[in-house]
Amino acid sequence: MLLRDAWYIAAWADEISGEQPLARRICNEPIVLFRDGTGRAAALADRCCHRAAPLSMGIVVEEGIQCGYHGLIIDGSGRCVRIPGQKQIPADARVQSYRAVEKDRLVWVWMGNPAKADTAGIVDFPYHNDPGKWPNKHDVYPIKANYMLMVDNLMDLTHLGYLHAKTVGGNPAAHVEAEMKTVRTPTGVKFTRWMRNSVPPPTYVKAAGFKGRVDRWQEFEFVAPSSVLQWTGAADTGAGAYEGKRDGGFQFRLFHGLTPETETSCYYFWSVANGYRQDEPEATEQLYQEIAPTFVEDRVMVEAQQARMSELGEAGLVDIASDATRMQMRRMVERLIAGEQTGNAAE
Amino acid sequence: MLLRDAWYIAAWADEISGEQPLARRICNEPIVLFRDGTGRAAALADRCCHRAAPLSMGIVVEEGIQCGYHGLIIDGSGRCVRIPGQKQIPADARVQSYRAVEKDRLVWVWMGNPAKADTAGIVDFPYHNDPGKWPNKHDVYPIKANYMLMVDNLMDLTHLGYLHAKTVGGNPAAHVEAEMKTVRTPTGVKFTRWMRNSVPPPTYVKAAGFKGRVDRWQEFEFVAPSSVLQWTGAADTGAGAYEGKRDGGFQFRLFHGLTPETETSCYYFWSVANGYRQDEPEATEQLYQEIAPTFVEDRVMVEAQQARMSELGEAGLVDIASDATRMQMRRMVERLIAGEQTGNAAE
Amino acid sequence: MLLRDAWYIAAWADEISGEQPLARRICNEPIVLFRDGTGRAAALADRCCHRAAPLSMGIVVEEGIQCGYHGLIIDGSGRCVRIPGQKQIPADARVQSYRAVEKDRLVWVWMGNPAKADTAGIVDFPYHNDPGKWPNKHDVYPIKANYMLMVDNLMDLTHLGYLHAKTVGGNPAAHVEAEMKTVRTPTGVKFTRWMRNSVPPPTYVKAAGFKGRVDRWQEFEFVAPSSVLQWTGAADTGAGAYEGKRDGGFQFRLFHGLTPETETSCYYFWSVANGYRQDEPEATEQLYQEIAPTFVEDRVMVEAQQARMSELGEAGLVDIASDATRMQMRRMVERLIAGEQTGNAAE
């Protein structure tokens, strides 16, 4: 059961440009994304209302998107505005449209009940707009697993020491024994892990030149249903980071946004924003190059996990201590789904 | 629902020769094609009556086709005529056979009720046999779409200006505004489009050396259920082509034959016969090289169209003015299918 | 319907070693194979009891197998013996285990009712352990066909002259007309084919230097449900081989073991043991290189046969004289399946 009354990321803003439209599948519906004459992002069902050709095989024109088969033009609202060789346009020549909103370099869509589409619910991530202080780089990975398995992944970091043992993981025990604080937020749940007075990983030393032990933090804010805002860093032990002074030192922010493609596949939109040596583009690039392979490791694992769950279900599985935050997250999403069912039933 | 009481093209005659049989799937039945000892084309179910091995993995021998697994030989009528190591051949050692007829360099099969297989219903295309006047070249493309979508494609030429914009399409408006005459025929429907007093496409100029404007025609004869005979050409404006004098100038004929492989895939048999500069083989070759890529464009589009129809159906689609002939064609095929259902029910 | 109360080969013993576990699918259940701290082979369901990750993506450690996702360790009996960051291990943290037994360089598993797992029923093939007298080499081929189709293949050797016409087949008539004796055994059926006073195949001449005609034998012992022990050789005509003196000359033994992966796929474990020129490793290698391609020919055929049977079933197929032993074999396996159904129903 996919939650539909939610803002999902359809694309990075810079993926939608020019004459070429972009095809995506969200909540198992094929959609086409393009910008109308004014530059505003639009999202339509990716099926022409004439003979069902995918509009994404057409081209973007001044009035909208032109089907590549027989030349019909559909505007950003889904209305057919031109039929070659025909003056009258039938009123039912329409394509399903979806609300699309651009914010912080991302284009979000609402696949559910339009009456409930409140843009106030779209996640804030202003760092994408602040390349001076937070130079950043982004990507999107297709993943053959339910999007919640990727959120699970981010809510239980004990996997770092095993799945990422050869990349960012380092010492498993350090991760498992990290100090952990979890708080509810109005839109989700946030946990902060501290590895105080710990040996910095080699990459941190290389990046920030630490001479001795550090206080290291990882803050993960889950925003329902499927965004995770991460803030990670380290400072010299005792320099006050734990008490709140987290400027300087080594730090970066990661944005993780998961969008359901189907019940068993998703898009993983992610970015890294570099909070140190901001005037050195190679520092941001290096961070990106270090992080990208770990997400590929996640992908391989959750895809295998999905395959097993699809075949064998979840009967007989046990929850362990490190699942606590993950389960809190899951209950929130389940409440949203239950609410959507009830709300739509009431209408 | 596939029409079965119909002659479908199984292969080009020259595809069936020598020791190697040919495997095809028609109306979702695997069949094997080969020539018997007398050279006559035969079509059998592609499953040995012993252990179900595909006969198409065997070899053609004097008496018929020999299974490549245990050596049984089946003749062109489907009768087992040899079982290695066994004198007596059981009467039920038989393979389903289909009527196969060779005509105009094509091998046609009848997959339906044998009692209705009247060879008079096989399409005439004598140009294939007249290499002096109509030097020709042929091919077959596998297409992952219902065969009717390809017939649709040929019945609405307004797609030329969009789908083939970069190849043969040229000016979209010219195609949309062409003068169009449609007439019923005993076996289908025929339409002729005239672009009179028009600028010839560059390829026409290059081929035929036109100095000024031309009268250009496209004649498409649909023969139910799935053949389209095309005659295309141009002559100097006012030279009488419109009135019937179509010799000389630039002209060619295309044969389009669609055979259902499954409900959602087909074979596209096509040929081009060159009606000008017939003694220059490079003129025919050049025509072939120009046309082939446009059929690949058609293939890509109808395959995408099929994918959308398979997933989302056709609910909500609208017909437009240019669909008129296409819809006439569709109604004819639907009547044939309805007749087949009624007729078979009556038996 | 797959027989489950049977010993099936899970792997060659040398496939299971080191830190890397081995993933297989047997009777349509994903399993993971590894050796525990004492070197004993273990077989578990390939799904971690925490979050369903495949254990085969983990690593082998002293205490068992460690999941590659969150680090849980499962021992060879399926018990979870370690959960990172947690002292108490819940009693229901368990993974399904299967009985695994190593014998004659093969690891066998029992996928059925554990109460019936009697190791006395595991096939003997001591030649694997006798590299001095029977130097041998082995392999495993994945095959997309029901395992019984491969046993069928081995029970009707008339296919040699057709399917293997270009490799080991030679003269079809010689195979079809071979003298054949079939006897029941306590665990299956055994047939011996003699081609007495026959021209030896070129490969035999090359291998053993025959000067004239030979007495050639093929002994195939089927051990239910899916092993076939083959002994093949030739000696100078009249030298007494037919009467029992089969030492010397040219001979080799093949082991064929089929394990069902799914209803329509299997593993083909096979080995060749060389019974002549045993001190020349290149003789064994040459034998292996000659036999391997013929098994690829079998694979291609039975996969095509499976595809036809999956689509069209077996209605209308006829049995022929050469099917006699094959049908005897099939009836034995059907009796075992019927017995399993009855036995399990009675419990």
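General observations
Per-chain residue numbering starts at 1, and chain names A, B and C are given in the order in which the chains are listed.
In this section, a contact is a pair of C-beta atoms (placed from the backbone, for glycine too) under 8 Å apart; a residue touches a chain by one contact, two chains touch by 3 or more.
Note that the structure is predicted; figures quoted are calculated from it, not measured.
Copies chain B and chain C of the same chain sequence form an interface built mainly from non-equivalent positions, shared numbers / all numbers used being under half.
In the Cα superposition of chain A onto chain C, the rotation angle, rounded to steps of 5, is 120 degrees. If each chain is reduced to the centroid of its CA atoms, chain B and chain C end up 48 Å from each other. Across the assembly, chain B contributes no residue that touches 2 or more other chains. Those residues of chain B that touch chain C in the complex are listed here as 30, 46-47, 49-54, 57, 66-72, 83-86, 90, 92-93. On chain C, the positions that touch chain B within their shared complex are 152, 156, 158-159, 161-163, 172, 176-177, 300-301, 304-305, 307-309, 311-312, 314, 316-322.
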